[in-house]
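Residue numbering begins at 1 within each chain, and the chains themselves are lettered A, B, C and D in the order written.
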C-alpha cells in the first residue's frame, strides 16, 4: 500500500472489483456495451469534476458548489441557442463557455478580492443561479439538442467510442499537460500548497485563483452542453445531481480537499468509480431506503482508502 | 536516581531517521541543555517525552520506573510540561485561556474570575517586559511573535510540572525578556525542578546550563558538565569530524566599497512598523540592519520587496524609481528576497525540488511551458554554488533537511542574477555548516557586484559580514556603524539607546 | 365582489409548475368578465416544508381570502391550515392531497393516475411480461400514491412481473441513466412504468438501445415528448396530470368565496376532503389531438386541461 | 516574523471594532433589524405579535439546526448531514409516539427516543470525521445519505399524524403567551449556559489549531466527537420543533435545511474555518434567511423573479456580513 500513486491504483482496483460484483449480482452489468454507457455518464461527471479538481487543487478551502447550477444553466442556454439545429452548435458552445466563464469570474472575484470563503461564495452563487434558471425558463422558448450534439454524446464516433469519451480523454490529457508541463500548473500547486510562499516568489496568486474558478465554470458549462446532448432536451435543474458527487469524485481520485496535491487522472477514475457504484445500486432490486443506506455506507467505506487526515500523534 | 531517563529512543518518519538513538538523563534541580544541529532530533526527542510523538523503540523512565506515555495529556499527569518550538497556541483565544487551556478552572463551566486570577500570576512573572498590549484578556492573534513566545512559556510554567522542557524558547525574545526568563528558570531550578533547555545560542547555554547533552544525526554523542567543557568542544561534538571552516563566519569583511556606484537608494521610507528610513546601497556592498529584534528591520525589507508596500517615501533602483507594490513587480526589476521563515515564505511543501527552485526563473524569463530537462540544467549551477545536497529534482522538497530546503529556496533567486538581494534573517533555524556555506556565497556575490541588505538576529553574523550597519530602534534608524565602529559593544549600545 | 387569493408553490424545479402558476393567473384574470376582480398573489420558490409554512403565514399576514397551495407535504400543514381557517381563510390544496380537515383538495387522484398508466401497460402487454418501474422521489407522497396505484393494477395481472423498481427523483437525466442500467441487466424487459419527465429520459435510453419496438413504456405530456412520440411512433401511453389543476382549484375557490354550495361536498380520498378532477389519458388513439393542442408551444409546454368557470359552476348548486 | 512593534493605531471606529470583536454577530443583528423594519413597512401585520410568533414558530427549527451546525463549525468541522438527522428524528419520534398510543407518556418517551437518535447520529458523524479522520464535507455527505435511507426505512412515506397533545402544545399558548416564546427564551438561556462551558472553549481551541490543542493536552478527538454529538442533540431539538409545527412525519422534511443551516452560521459571523464565532449569530442568521423570504414576497416581487431576488439577497447578505465583520476586526 506504500505505492505513492495509491489513490489511482485503489480507484482502478475498486472499479474492477465493483464491475465484477455488478456482473455477479446482475449479469450483463459488465458487458462492453454497458461499460461504454457507464463511461458516457462518468464522462459527464468527470468533466464537471475537472473544474472542481482545479479549484480544490488551488487550496484555501477551494470548492465550487455552484457547478450544478452552471451545468443546468449551460444546458438551457445551449438548447436555446442551437434549438435543434447543427448550425447553432458553435454559437451555443461559445455562449455557454462565456456564461460559465462569467459565473466563474464572479465566484473568483468574490473569493479572492472580497475574500469570501469559497464554500460560502459558491453556495450563494448556487442560490442565485437557481433563481436565474426560473427567470430564464419563464420566457424563453424550448431548447432541443442538435442532432450533431446528441450523436456526439451517444453515438460511436471513432474506434467505436462516442465523441464525448474522446473529449473526456482529451480533457484528461490537457489537464495532465497543464498540471505537469506548464508553469501555470506549477503555479496552481504552489498556491494550493503554500500561498504565502507563492506570493513571495512573485506568482500572481489572485489572478491564478480567479482563473481556476473561471475554468471550473467553463468545464461545468461544457458538461452542461454534453448533458443536453445526452438527454436530448434541456430541463430545469438537470445539473443538481453533480454538486456534491463531483467533489466526491475528486476525493476518490486522491486529491484531498485541502488542495496542493493530487491530479486529474485519479479524478477520472474517481468519477468512473462513483458511476459504477450508482449503476450497481440501480440494478439491484432492493428498496430505495436500502439503496441509500448501502450507498452511504459504501461511500464511507471507500473513503477510508483516501486522503484520511493526519493523525494527531505522529 | 535521575528523575527523567530516555534510553535509546528512536523515531523514523518514512525514510527519515529523525532519531536513531536518543539518550537523555535529567536530574532534579538542574538545567540540562540539549544541543545539536538542525534536524539532529532534539525536538523529536522532546516530543516523545511529552507524549505528542510516538517512539518506534526505546524506553522512558521516571524516577527509575519505566513508563509509557500515550499522549500529551498523559505526559501532564506524569508531571511533564513542555514549551513547543513551534508553539501550541489558539490564536483567537485570550492569553489567559491559552495559558490554562488544558486545565481551565471550574467544572463543567469555566470559572472566569479564577481563570484571570491564575493566569495573571504567570503573567506577573514577566512584569515590565511583556510589551504593549499584553494582558490576560488580549487575544493571542493580536500579539507580536515575542509576546506569543512568552505566552507559550507561561503556558509551560502553568503546568507547575516537576519536569519542564523548553524547546528553543528564546528565539524570538529580546534581551530583557531572555534575562527575566533565565531568572525564572534559575528560581525553578532552586526549587528542585528539572529543566531541559534547547537553544542554538552558545552564550545562553553557558550562562544557564548545568549539564549539556549533545545530539548528532539523531544520536546522543555525549553528556558533559558545563563547567568542564567549552564552546569549542561542544561544537566539535555537534559536527563530529568536520569542524573546519566554522571560523569563517567571523572573518573580517572585505574592503569598503563605498566608492562603487549606487544601486538602491531609499529616501524617507515609511510604512507599517517603520518610518523615515533612508540609505544608499552601492554595488558590491553588504549593508547590515541591526538592533534589537523586531525594531522594523524585517518590515523595511518586506516593504522594499513589495510584500507589504510602503506608505510613503521614495525608492529608486539603478536611478529609476521603483514602485514596490508587489513582489512580482520588484522581482521583475531585479530585487530578490530571502526570508528566514522558510516554512511560511519559501518552501512549497510537498512539491518537487524542481518546482521549488524554478519559479523566479520562470517569471523573469516569462516561461509558459515547463520543460523539465532545460529547467534542471538552469537550476543546477545555482544549487551547486550553495553545495546543496539532494537526491534528484523530482523528489519532494520536504524530503530534504531544513538547511538544504533553505538552500533550494535561496538558489531560486540565483538562477538569474538579481541586482539587489534582501536577506531577512536568512539563517534562522539552520545549522552552522549551512550558515558557513551561505555567508561564503553572500560574500562572493557581493564581490561580483551584487548589492546586498542583510538583517540578522545574530549580531555576530552582522559584524562578520556587513560593510556598514544601520541600527534600528522603534521603527527608525538610530545609528550607523561603519569601519572600525562596527564592534559588538557599539552595536549593543546603539540597540539599547532610546529611540 | 373582489377577492384576493394567495398561490403557494414550494418547488420550482420544473416547467410544469411554472405553467401551473401561469394558468392559474390567467384563470383569475378571466373572472373579470364575470364582474369579479380576483387578485392573485404568488409565492413560488424552492423551499422546504418550514419555508412553505412561512408562505402560508405570510398569506395570513397579507390578509388573503383564499390560499391555493401545491404542498410539499401531505400532513405538515395541518396546524398552519387550522390557523388560516381561524383567520377566515379558505384553503385549497392542489396536485397533492393534504390531511388537514381545514382544507380541501381539488386535483387529480394520484393513485388513479398511476393506475391508469399501469392499466394501459397491462393491456398493451396482453397481461404478461417483465416490467420495471422508474419512480420519483422515494417518500414523496404523490410518488408513493402513484406507486400504490400501479402496484394494485399489476397485482391483478399475475403474469406481469415487476422485476425492479428504482427512484430517479423526477429528474430526466437520472431517469435516462436508470433506464440505461436496467436495460443492461434485464435484457427481457417488456414494459416500463415511468412517470413525468423521467419518461422522456427513459425513452431516450430505450431508443439508444434500439429497443423501442420491443418495449412499451408510459410517456409524459410535454410537447417535446409528444412530438417525439408522434414522429417515432412510440408504443406509449400517458396519464395526464394537467398543470391546469391549480386553475381549476382557483375557479372552485372563487365560487366558494361567493358562498355557493357544492352539489356534492368534497369527501373523496384517504383524507375525506378531496374533489377529484378527471384524468385525461393520451395514447395512440388520441395522440394527434394532443399534439394539436400543444402545437406552436415551447417544448416544455405540457398538455393541459382545466375546469372552466362554466364547468366549475356546474358543480355548484 | 512580522517584526512590528508598533501598537495598532487608535482610530475613530475603535469602539465599534472592539464591539464587533466581542459580539461578532452585530452586523447580522443590524441586517436583521433592517429586514424587520422593511417587512413591517411593506406588511405591518408581519411584525405584529402574531406575525412574529409565526416567524419564530416556523424558523425555530432552523435556528436550532444552525446552532447545531455552529458547534461543529466551532471546531473547524462541518455537518452536511444535519438536515438528514432532522428527518430521521422526525420520523422516529412520530413512529414511536404512534406505536405507543399517542398519550402523554408516549410523547415523552418519543422525545427521549428522539434525543437518543440525534445523539447517536452525531456520535456516528463524530467517529467518522474525528476518529476515522475522513474529510468532514464528504464524510457527512455520505452519512446524510445513510441517515436519509434510514428515515425512509422507518417511515417510507410522509404521513402519520403527531399526537394532538404534542402539536397543540407547540402551537398553543400558556398563560396567553405562545409556547414557542417560552421555547425561544429557554433556548436563549441554554445557549448562554453552554457558552460558559469548558466544552465551548475547548471546541473553539480545537478549531483554532487542532495540532496545537492536541499538544496542549486537550483530548482533541473526544472534543470533536462531543461537538458532533451536541450538534446531533440540537438537530433532534430542531426536529421536535418541525414536528410540533407540522404535526406529522416526513422522511424528507429536513433535507433542504442543511445548506440553510450553513448559510445561517456564516451570516451570523462565525468563521467556517473554526475557532471563532457565536451561536447567537447563527440564530440571527436563521431569522435573516426567513425574513428575506418573506420580504421578497411582501414587496411584491413577481413570482418568477422571487427565487433570483432571494438568491441575490442572501448572497449579498453573506458578503456584507463577512466584509463588515472583517473590516471591523482589522
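Assume a residue touches a chain if its C-beta (ideal position, glycine included) is under 8 Å from a C-beta of that chain, and two chains touch if they have at least 3 such contacts.
Chain by chain, the UniProt names read as follows: A, D = Autoinducer 2 import system permease protein LsrC; B = Sugar ABC transporter ATP-binding protein.
All values derive from a computational prediction rather than experimental measurement.
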For this session: Touching both chain A and chain C: give me those chains, sorted by label.
Result: D
Seminar exercise, completed: Comparing C-D with A-B, the one with more C-beta contacts is C-D
Exercise. Where centres are the averaged C-alpha coordinates, which chain has the largest centre distance to chain D?
Worked result: B
Problem set entry | For chain C paired with chain D, centre-to-centre distance based on mean C-alpha positions, whole Å | 34
Seminar exercise, completed: Between the Cα centroids of chain B and chain C the separation in whole angstrom comes to 71
Exercise. If you average the CA atoms of chain A and of chain B, how far apart do the two points sit, in angstrom?
Worked result: 44
Seminar exercise, completed: Between the Cα centroids of chain A and chain D the separation in whole angstrom comes to 30
For this session: Quick one: which residues in chain A touch 2 or more of the other chains?
Result: 130, 134, 138, 288-289, 291-292, 312-313
Seminar exercise, completed: Residue numbers in chain B touching two or more further chains are 52, 71, 339, 344-345
Seminar exercise, completed: So chain D residues touching two or more other chains come to 151-152, 156, 211, 214, 304, 306-307, 310
Problem set entry | Interchain contacts (touch definition) - all pairs | A-B, A-C, A-D, B-D, C-D
Problem set entry | Complex interface listing, chain A residues touching chain C | 26-29, 31, 33-34, 37-38, 41, 130, 134, 137-138, 140-144, 154, 227, 230-233, 235-238, 240-241, 278-279, 282-283, 285, 288-289, 291-292
For this session: Sort out for me which residues of chain D touch chain C in the complex.
Result: 43, 45-46, 48, 50-51, 54-55, 57-59, 61-62, 151-152, 155-161, 167, 170-171, 242, 245-257, 260, 290, 293-294, 296-298, 300, 302-304, 306-307, 310
Problem set entry | chain B residues within the chain A interface of the complex | 13, 51-54, 71, 305, 307, 326-328, 331-332, 337, 339, 344-351, 355, 358-360, 362-363, 367-372, 412
Problem set entry | Interfacial residue positions of chain D with respect to chain B in the complex | 1-8, 21, 193, 196-199, 201-202, 204-205, 208-209, 211-219, 275-276
Exercise. Which of the residues in chain A end up touching chain B in this complex?
Worked result: 180-187, 189-190, 193-194, 196-204, 260-261, 312-314
